[in-house]
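What follows is a single structure, and I will ask about it in a moment.
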Amino acid sequence: MVKESKQSQFNPYQNNGGTVAAVALGGRVAVGGDTRISVGYNIISRNYCKITQLTSKAVIASSGMVTDAQNLHKLLLARITLYKHQHGTEPSLKALSKLLSITLYSRRFFPFYTFNLLAGLNEEGQGAVYGYDAIGSFDELKYGVQGTGQELCMSVLDNQCKGANRTDDYTFTQDPVELIRDVFTSCAERDIYTGDAVTVWDITAEGIQQTSIPLRRD
Amino acid sequence: MALNHTVDPIIVGASVIAIKYADGILMCTDTLASFGSMARYKNIPRMAAIGNSTLIGASGEYSDFQEIIRLLREKEQEDFIQHDNISLSAAHYASYLSSILYGKRNKGNPLYNSVAIAGIINGQQYLAYLDLYGTHVLADYVTTGFAAHLCKPLLGNDWRPDLTESEAKQLVEGCMRTLWYRDARASNRIQFAKVTREGITFEDPYVLQSEWGYDSYKTYSLNPLYA
Amino acid sequence: MLFFINFDTQRVTLDNLIREFIFLLNMSGAGTGYDLSSTTYNPEGKVYQVEYAMKAAESGGSIIGLKCKDGIVIGGERNVLSKMLVQHSNKCIFGITKNIGAVVTGVIPDGKAVISRARQEATQYAEFYGKDIGSTVLADRVAQYMYLFTLYGGLRPFGCSIIMAGIDDGTPKLFLIEPSGAYFEYFACASGKGNQVCKTEIDKLNLSELTCREAVYHIHKMLVKSREEGQEKRYEVDISWMNSETNFFLVPVPVEFKDEMERKAKDDIESEERGD
């Protein structure tokens, strides 16, 4: 007879909510993340940064579970330091994309509960975005969004960046930073887990610039 | 599943409140540890000093809190015996504890606590919130347990970075009173502690003033049938 | 096959012949066969490896421990082997818990290994019993650990002596642990190169009236006197203490005060010599 456990098992996972998005355009990529993290209906921080700089031209933005994201970022930074010591250079965006994939897959049977965007400039100086699932499947994208607000944002980005379902003769020329701000402002209107502020990292050949604008705080 | 895993807490402490104010950080807990609905230990401390610049307070499983204190004190002694006039700061302890908590949650055997860690680093206030998953968040005010629901809005309204000590105390005492009125696992016996540039000070626990004479307390229902 | 066996036997016999030859020439012990491992006594009932370890310990800088009226002070000196060494980067006093510490002489890396073990014992004790280890218990455990290294063929006894100081329930304690694993509790003790001179000087002190502050001065004085004359070697002195001033934690003596006492000790010795 199988003995049934009376006690419930500890659930190591939690969704802390939040949204991250990235848009690449030519030699530039803009990455945004809101600064709210929650547990259920409880907001545990209004100024938490979901984005970590990995190299001089690449950042990672993670939504999902904060503790896994923190430790994933820490692990990546350590691996990148080792890479720098071994090769004398920073890893390329492509190398990082694979590094992130295998790091996530190393926990295939106890996944990092994180949904990541890796964004930066590739070896040709072109802006690029990589989108991942929790266990390391990934693809190169022109734009991406992950987290609790992804359904709200994605169709707008499809329309604005790709020109999906448009009848006019459209090419995407808008400032990607502005686009991300607009998308987050709209997202915060309907997603309770997205709000407080959005931080946008603007990555160009000149370097990385960070700006922040407030969002709905309710 | 192994038997020694903490699946649900046994002896439990209720809320912790910690806020930054002009000269430091004020922390407050009640002195109760409950066993289910029983008020089991009515006069135990739920805050502790690590070295002379770090203050920690925890809600949740009390034995796990004691284990945390042991681990941090062990680290503190290891640091002290270097005799190098360099000491670990609250940020170091918070980071260390966060790694422990994360490691334990990865094993499915968490330390069942929500923790506030406060300290002064280079003259600046440092205040962090940690939970049983290893989540590590910096904040101007930290509330754990029921206080996260009942007191966070109060602090959101009235907290300012330039609060004086007595203003801060008044604000936090108000929060503790709210908890006493509405959190069934809270006690009216509370204790304050603070970290300032001068060090850590624990105050003696005392019993909160409360008023139960209002009509709404005496009259249990608005329905005259049950009044 | 046969060839190898023959060859082997021949070598062993040759070895034995050489050993016997040396034994006849030299009765000091070296080369008699008794000094190669600590598993065998020599005919006098001693273990040469342990004797050698003692010798190694005695060849290090002098170390001193003094139990005073108001606390306890330990100190030691180390030769500085190069001008290029960063000052005070190589201490001979080590903390074990907040109120237990030790000063080491002899082969310093050996001492560090022992200290590391002492720290493990201390943390393990604290974890198990929920209170800090006492220095009496710790000295015993450390001595047992050092003793173990005098028993086995594959091990080399520690080439260091250790003076351990601690406070057990408010009572200052001082122990000297030797490479043999022997340890005794003292009011005051010394080991290392100049231990004879130091012990003579210690005998002149009135320990029951001595304060920690005075002890710092005396330790400096003993260390200067015990130093070999005419040799202008570079050295550094470490002194740590435990008393009400330090909350009964073992901490290094403040540098200004230590330097002041060192100057005073040297001046006094000079004027004593001039007076004679």
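Going in written order, the chains are labelled A, B and C, and every chain counts its residues from 1.
One rule holds for everything that comes next: a residue touches a chain if its C-beta (ideal position, glycine included) is under 8 Å from a C-beta of that chain, and two chains touch if they have at least 3 such contacts.
Molecules present, by chain and UniProt name: A, B = Proteasome subunit beta; C = Proteasome alpha-type subunits domain-containing protein.
Please read these numbers as outputs of a predicted model, since none were measured by experiment.
S.K.: What is the chain whose Cα centroid lies farthest from the Cα centroid of chain B (Proteasome subunit beta)?
M.R.: C
S.K.: In terms of Cα-based centroids, which chain occupies the most central position?
M.R.: That would be B.
S.K.: If you count the C-beta pairs in contact for each pair of chains, which pair comes out on top?
M.R.: Max contact pairs: A-B.
S.K.: Distance between chain A (Proteasome subunit beta) and chain B (Proteasome subunit beta) based on Cα centroids, please, to the nearest Å.
M.R.: Centre-to-centre distance between chain A (Proteasome subunit beta) and chain B (Proteasome subunit beta): 32 Å.
S.K.: Just curious, how far off is chain C from chain B (Proteasome subunit beta) if you go by their C-alpha centres, in Å?
M.R.: Computed from C-alpha means, the inter-chain centre distance equals 47 Å.
S.K.: Round to the nearest whole Å and give the separation of the Cα centres of chain A (Proteasome subunit beta) and chain C.
M.R.: 59
S.K.: Would you give the residues of chain C that are in contact with at least 2 other chains, written as numbers and ranges?
M.R.: Residues of chain C never touch two or more of the other chains.
S.K.: What residues on chain B (Proteasome subunit beta) touch chain A (Proteasome subunit beta), complex-wise?
M.R.: My answer: residues 1, 5-8, 98, 102, 105-106, 108-110, 129, 131, 133-139, 148-149, 152.
S.K.: Can you tell me which positions in chain B (Proteasome subunit beta) touch chain C when the two form their complex?
M.R.: Listed in rising order, the residues are 70, 74, 77-78, 80-83.
S.K.: Help me check something: in the complex, which residues belonging to chain C touch chain B (Proteasome subunit beta)?
M.R.: 91, 93-98, 101, 119, 123, 126-127, 240, 249-252
S.K.: Where on chain A (Proteasome subunit beta) does chain B (Proteasome subunit beta) make contact in their complex?
M.R.: It comes out as residues 5, 7-10, 12, 14, 16, 37, 42-45, 48, 65-67, 70-71, 110.
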